[in-house]
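Order of writing sets the chain letters: A, B and C. Residues in each chain are counted from 1.
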Amino acid sequence: MTPRRGFLRYACLAASAAVLVAFAACGDKEKTGDDGAVVHFWQFWDLAVIQPLVDEFEAQHPDIDIEVEQLTWATGLEKIQAALASGTQPDVCELGSTWLPRFSYEGVLEDVTPVYEAERDSFLMWESALWKGRVYGLPWVQGSRALFVNRSLFRRAGLDPDQPPQTWDELLHAAEKISQLGTGIYGFGQNIGERYVLYKKFMAFAWGNGGDVFDESGEVVLNSPAVLEALEFYLKLAPYSLQEKQEVLDQYFKTGRLGMQVSGAWNLKNYKLEAPDLDYSVALVPKPAPDHGAHASFAGAEMLVVFKASPQKEAALQFARFLQAYPQAKKLSLAAGSVFPAALSAMHDPDFTTDPRVRVFVEQSLTSRTTPAHPGWIEMEEAIDRAVEESLYGRRAPRWCLDEAAREVQEIAARFQR
Amino acid sequence: MTNRRRFVLPPVAWFLLPWAAVYAAFFVFPFVFSFVLAFLDYNPLNVANTRFVGTANFARLFGDPAFGGALRNTILFVVGTVPVTTALALGVAGLMRGKIPLKGAFKAALFLPSILSVVVIALLFKLFYAPGGALNQALAGFGVAGHGWLTDPRTALPAIMAMDVWAAVGYYAIVLDAARTSIPDSLYEAAELEGAGAWATFRHVTFPLLKPAIAFVLVINTIRSFQVFVEVLVMTQGGPLGSTNTLVMYLYDTAFRRLDYGYASVVAYAVFLLSGVFSIIAMRRLRPETAEGRPI
Amino acid sequence: MMRGVRFVVLAAVLVAMAYPLAWMIAISLKTADGVSLRYYGEVWQSGPFDRYFVNSFVVAAIVLAGNLLFCTMAGYAFARYRIRGGKLVFLLVLSTIMLPKQVILVPLYILMQRMGLIDTYWALTLPFLVDPFNIFLIRQYVSTIPTDCEEAARMDGAGEFTILFRVVFPMLKPVLAVVAIHTCLTNWNSFLFPFILTHSASMRTLPVGLAMLSQGAHSIDWGHLMAGAVVSALPVVAAFLVFQRRIIGGLTAGMSK
């Protein structure tokens, strides 16, 4: 029962050849623009939130058609990469501030320096868009982290809820007192065991103390005394802290078992829905001492970029500027409930300054820092996370950890020389 | 009998054609591409700048502590879950021998975990292992102190392994049960007549005839376990302190976060080789007997 | 006594297996204002949810049909015919399972894009029409079936296709049941490729739609996520309950003589 063997081979070969020929012949699919321009916009917000803005723009510009696509936070980046690799990237895209520098470095983004020069004083959070003296993105919305304070726990611990900790000593003192209230009650929340979070919380203390990853001349100063002091203080908080993932910390705070934690504005919406009776307030992140340092915090920004290869650059940029403008950014912020406009007008808008908690977030953004605009940041943040985690787990001395991390950051930086 | 003319394709060609067409169309290119990637410095954002780097990516593998850690964790994972799952599945299948009331209900229950997506299961277990979660609550009921199962580098990987065993046991138990019912009762009766106890019966009757099915379960489970990823991504992202970093998690990170597709490809082929080697070993060790062993 | 113990142990296993599902349902019903079906309603209205269902069904049906047909053909060929380099080709088939699919994600996207198939049903179905795992299963099973019936049919002058589909196919019910289950399950819950290969909301499948809905930047929306997961699991559970007898029955009937 052995049929001609060769034919099987031929069949497969023929099939493969046909397909490869078809594939080669297909070529790139052209983007069809009808009479007017079609601008493809990829972003991460729910369509219900973003569609009104799109509709408004299209009403004002009948010759431009916006095609919106929603990406998921978890896997959106893969899609953007696949699109760029195949030349099918959108025209306008939302990118996180930690991602932007890499894209700038690779030269795939349109230079928007003229916009920066015109608008620079109207917006915060430009830093991540700066690369080698040019600007490649527009800050859209941002969110900083502030200190959440559980007032009932404060009262129970004999602390004054109207006087949230302003300095590191006060923070340590409060955390200690609250954690003495009983088992299952913690003074402070420290992030551990997950990616992309820890450095945001820790760096706030480092920045507050005048430290940073790089100094002005680009030298790595991660293991400077200022940062080491911050790490040592952070470790002092450990005995009174719940060390867990962000979700768990938010949950514990919501159920009144956590005294304080540095977290983001998304909780304002969550707590209102799920714990309306929770008696809590928000304060600026404490500074090292009354006469020293700053109330620094981490802020993440969502930026709008135009891809250099876009065939509709003008329309794309027009749309991006429209989205960035205060009225639109405000609508998005209010609808999403977890971010604020990057526009400085928010500082004086009663919609953002009446609610005392919201006002603190807005105030905090003025002294917030974002991650260094370096293309290798994703790897660097991993090194920093690891250093802090290793100290938190007591595996290594803080000094050693920071030295290691500084060395790694140096190595990573050396790889991005273009 | 074979009076075929030269240009008529034999049936076997037609039977294989659909597979060959799909494979040729959709997998030859991606597989070749990904193989070539291993020799390149490729970045999706900057395809024009792709450089040929020869075996540099391969050399990197050997000096990379993160890869070593991922390799170690993955092997631990495979060695820790696959035999346990197989043994438990065998045990559960054995429990279902003969007439048992509600057998259908038991089988349905065993099947339930397979219905849910891995993401959902991982998220549920994330809650389960959390400080205020069901596991710690249950332990508190027994007076045992709770623990940060997923935040302790020593317990994070075992916790994920336990979850994986839970998710896989039911399905394989059903498979083995179905295979076991093909063993003729006469053999069991004969064993009983000879005065064989439970263990001896298992060793001399059940096990040899189940070998193909067990081999199947082992191989499939091993290949799948070498690629453990989604659970890690959802629950720990490779932490804490890299204790749950697995090969595919590392691959994913390298490709989609560090944008180093070339090196990621090398890691992928490392997984490929490992799966291959383990599978071949397993298949050799469990070669089916000449008797009626029917694999599914 | 032994039977009693076995029953108890099995019952414990049942609870262990079913508990998380029950918990899932509990989470999906618990809203801030008590027990309600609110999340289910919101999930249903969150987007073209009915469209997601339709897409998932259509894709699952096409992929199932394709697999049942083409994998049987290929598995039979590998089992029955001596093919030059057959072993090699078979290893080739198997090896596709051993390579992590993340590594072909972007290349496949590039390929699909050049073929103009992104964001179509083709993208969601064509690459998955012939799962090598199923070929492996069928080949193993066929190789244990004696060739008598096929020989007899051949003597009677039946062509190969007739033999495969009239004689052998009916004997494959048990393994085809396993193929069907396996294919449907992997396909129904598949997220990454459907997400990457589509762009419009109208082309999304259930897992993609659900992910959009419940996974925020900093927090997971448990209520909606679990409601969505329950909704997504219902058709599979229903199918299993309906076909359970046939499936389990088929498995055991085929196994014993």
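Heads up, the rule we're going with is that contacts are C-beta pairs under 8 Å (C-beta built on N, C-alpha and C of every residue); 3 or more make two chains touch, one makes a residue touch a chain.
What you see is a predicted model; the values in this text were computed from it and never measured.
Q: State the chain with the largest centre-to-centre distance from chain B, centres being mean CA positions.
A: Greatest centre separation from chain B goes to chain A.
Q: Would you mind telling me which chain pair, A-B or A-C, is linked by more contacting C-beta pairs?
A: A-B
Q: Can you check how far apart chain B and chain C are, centre to centre, with Cα atoms defining each centre and the answer in Å?
A: That pair's centroid distance is 16 Å.
Q: Where the centres are mean C-alpha positions, what is the separation of chain A from chain C, in Å?
A: 37
Q: Can you list the residues of chain A that touch 2 or more other chains?
A: Residues 3, 8, 23, 78, 81-82, 85, 247 of chain A each touch two or more of the other chains.
Q: Any chance you could list the residues of chain C touching two or more other chains?
A: 81, 83, 106, 110-111, 211, 220
Q: Considering chain B alone, which of its residues make contact with at least two other chains?
A: Expected reply: 11-12, 16, 25, 29, 44, 256.
Q: Inside the complex, what are the residues of chain A that reach chain C?
A: Of all residues in chain A, those touching chain C are 1-3, 5-6, 8-9, 22-23, 26-29, 44, 46-47, 69-70, 72-75, 78-79, 81-83, 85-86, 88, 246-247, 250, 264, 266, 270, 273-274, 338.
Q: Give every residue of chain A touching chain B within the complex, in rising order.
A: 3-4, 7-8, 10-12, 15-16, 19-20, 23, 77-78, 81-82, 84-85, 102-103, 106-108, 192-196, 242-245, 247-248, 251-252, 255, 378-379, 386, 389-390, 393, 395
Q: Going by the contact rule set out above, which residues of chain B touch chain A in the complex?
A: The contact residues of chain B facing chain A are 2, 4, 9-13, 16-17, 20-21, 24-25, 28-29, 43-47, 126, 130-132, 148, 150-151, 153, 156, 236-242, 256-259.
Q: State the interface residues of chain C toward chain B in the complex, per the touch definition above.
A: 3, 6-7, 9-10, 13-14, 16-18, 20-21, 23-24, 66, 69-71, 73-74, 76-77, 81, 83, 89, 93, 95-100, 102-104, 106-108, 110-111, 126-127, 129-130, 133, 135, 137, 140-141, 144, 159-161, 164, 174-175, 178, 185, 189, 191, 207, 211, 220, 222, 225-226, 229, 232-233, 236-237, 240-241, 244-245, 248, 251-252, 255-257
Q: Going by the contact rule set out above, which residues of chain C touch chain A in the complex?
A: That would be residues 32, 47, 80-85, 105-106, 109-111, 113-116, 118, 192, 195-196, 199-201, 211-212, 215-220 of chain C.
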